[in-house]
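Across the two complexes that follow, chain A remains constant while its partner is chain B and subsequently chain C.
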Partner chain A sequence: MVKRLGALLLLLAIGGIFTSLLVGYVPDTELNDTARYYAYHTAADIGSANIVTAIVITYRGLDTLGEVTVLFLAAAILGLVLARGRRQAQARRALTPVGELLTTGSRVLVPLIMLLGVYVFINGHLTPGGGFQGGAVIASGVLLLLLAGPRKPFAHSLIAAVESLAGVFYVVIGLMGLVLAGGFLDSRVLPLGVLGALFSAGTIPIIYTLIGLKVGAEFSVMLSDLAETEELG
Partner chain B sequence: MSLLLTAMTFVLCIAMIVAALVSILGRSLPIAILAAGLVSLVASVLFVILASPDVAMTEAAIGSGLSTFLFFFVLGRVRGGERDGEDESGSEHG
Partner chain C sequence: MIHLAMATGFLLILIGFYGAVSNRNILRMIVAFTIADSGVNLVIVAIGYMPGRTAPILDATVKAGYAAARIIDPVPQALVLTAIVIGVGVTALMLAYAYKLYEKKRSLDIAKFTELRG
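For the complex of A and B:
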């Protein structure tokens, strides 16, 4: 009873805080200083049509490197925790057979899903989306493959190579920015090009492609780790 | 924001709260996982209405897509564990 009363009081307090925030909320009529700088200077500085991408990759590039590292650590730790189970999974029990609908559907859909993922991260500097979103879309294609063919061997070494090489090249391009342009992860190593063209905005398309491959590989490894140890049951 | 968008936002917010309640209070775990995925899906539509398509794409792909399936994989593992436990207790009795 006391516990419930405490929880209720806590809920009321949090609700009160949020209500006061909502009541005092006045929408900004103009951009604040930081946002105004980004809105007016991105096209000339970075040459990226999507301002969000310019912020994520160039202005706040170090944060993105940190995010990719966190994701890598999560995938590595998950693999470490589940490694014991995978060795025992050698003696596999019979699975229920995969339905014809799922097999045929995955044959049609997986190439389209992969294509969409690649489109999203290659056009990250032009349209909404980018490396993380495209990588997640690619991983959902891999998930469909895992569901349709649980017995098929998963190319762990290939995925690990893609993941590591993408990470290494990402850092190398960042270091090139240190030498050839304004600083670490500065995208102006390559010419900025025409605003809105596919090959524009310096190294942003290359970096987003690498991030897309890396994120897709990391999510795929996580999903395949879980799918392979699931058979332990 | 036009009246139609405001009305749509309210409907989506109510749907989100209902889905969250189903996810917390529901008895069946698979339905709870699906309801949690629905919360993310509605949130991604709300992000589009709030003019942030980048966040919406991340939320739709990771929040409602991949994490839902991660939960299902983990549910499969946990269920297997439960069944093993029941089998062991059964063999002790028998």
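For the complex of A and C:
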């Protein structure tokens, strides 16, 4: 009872802070200096129609490399922590049959979902999409496959190869920027092209494709790790 | 409109905090944390919004030279893109540790885990 009262008091205090923030909030009418720099220079310097993509991939590219690394570490630790649970589970219990609807539905939908994922990350510099979003879409297709065929063997070595190769090429492109352009992960290794064209913005489409493959592979590994961990008796 | 989005974000954070402190089941606490996470992302995106402006994507209607007067702040959006991805990683790790804890005690009740109590 005392505990619940304390929790409520804490929430009231935080809610009070939030309310005072909300009441006094007036949205900006002008962009701040950082945002104005990006707005003025993206088109000429980076050639990417989507300014958020230019920030994520080029201006703050090192952060994104770190982000992909964090995601890789999370997937690796997940595999490590759950590894013992997987090995123990030899005697598998019987699953309820998947059902016609899910099997047929997954056959129709999975190729379309994969196609949408690829579309989203290839057009990351033109539309509100990108490698992380496309990778998540691809992983949702893998989730559907896992639901439709829980006993089907998961191609761990293929996924691991895709993931490591994408990571290696991402870093190689970053190093090429160091040699051929202004610095690490500079996307001006390739010509900038016409603003708004599919093949434009230097190496951004390539980097986003690699990130899409890597993120899709990492999410898929996480999902399959969680799915293959058997229920404890 | 912007205050509505921001209030929703703050409300989600509060719901998440309440769920995290009032539930004893570890899985429910994880769900509560992801709700609070969504609330934080919503608030950050709402801060970047400016009335009467459009998305930070250059096209025929948003010419490169005039972009600074037409677009909303792209920096919070880039931040939230990162935050969402890291949030997925954190959630996956929390779920894995919850599994490990269940394996050890055969229970997800947080009150049963007393090893660190002073």
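Just a few scattered comments:
Methods note: the second predicted complex is superposed on the first by the 225 of 233 C-alpha atoms of A that agree within 3 Å, B and C clash if a C-alpha of one lies under 4 Å from a C-alpha of the other, contacts with A are read in each partner's own complex, and residues count from 1 in each chain.
The criterion applied here is as follows: a residue touches a chain if its C-beta (ideal position, glycine included) is under 8 Å from a C-beta of that chain, and two chains touch if they have at least 3 such contacts.
In this text the structure is predicted, and so the values were computed from the model without any measurement.
Shared-chain residue A:T229: touches chain B and chain C both.
Shared-chain residue A:V120: touches chain B; no touch with chain C. Once the two complexes are overlaid on the shared chain, A:R36 sits against chain C while remaining clear of chain B. When the shared chain is aligned, chain B and chain C each come close enough to touch A:G130. In the overlay built on the shared chain, the residue A:V52 is in contact with chain B and with chain C. A simple residue count on chain A separates chain B from chain C, and the partner touching more is C. By the document's definition of touching, of the two partners only chain B reaches A:L143; chain C does not. Legend: residue contacts after superposition of the two complexes on their common chain; A:G15 is shown touching chain C, with no touch to chain B. When both complexes are overlaid on chain A, the residue A:V70 reaches chain C alone and has no touch with chain B. In the superposition on chain A, chain A positions 50, 52, 128, 130, 132, 136, 219, 222, 226, 229, 232 are in contact with chain B in one complex as well as with chain C in the other.
The residues of chain A lying in touch with chain B in their complex are 50, 52-53, 120, 128-130, 132-133, 136-137, 139-140, 143, 219, 222-223, 226-227, 229-230, 232-233. Against chain A, in their complex, chain B makes its touches with residues 53-54, 56-58, 61-62, 65-66, 69-70, 73-74, 76-77, 79-81, 83-84.
Those residues of chain A whose C-beta lies close enough to touch chain C in the complex are 4, 7, 10-11, 14-15, 18-19, 21-22, 25, 27-29, 31-32, 34-36, 38-40, 42-44, 49-52, 55-56, 60, 63-64, 67, 70-71, 73-75, 77-78, 81-82, 85, 126-128, 130, 132, 136, 195-196, 215, 219, 222, 225-226, 229, 232. Partner chain A is touched in their complex by these residues of chain C: 2-3, 6-7, 10, 13-14, 17-18, 21-22, 49-51, 55-59, 64, 67-68, 71, 73-75, 77-78, 81-82, 84-86, 88-90, 92-93, 95-97, 99-100, 102-103, 106.
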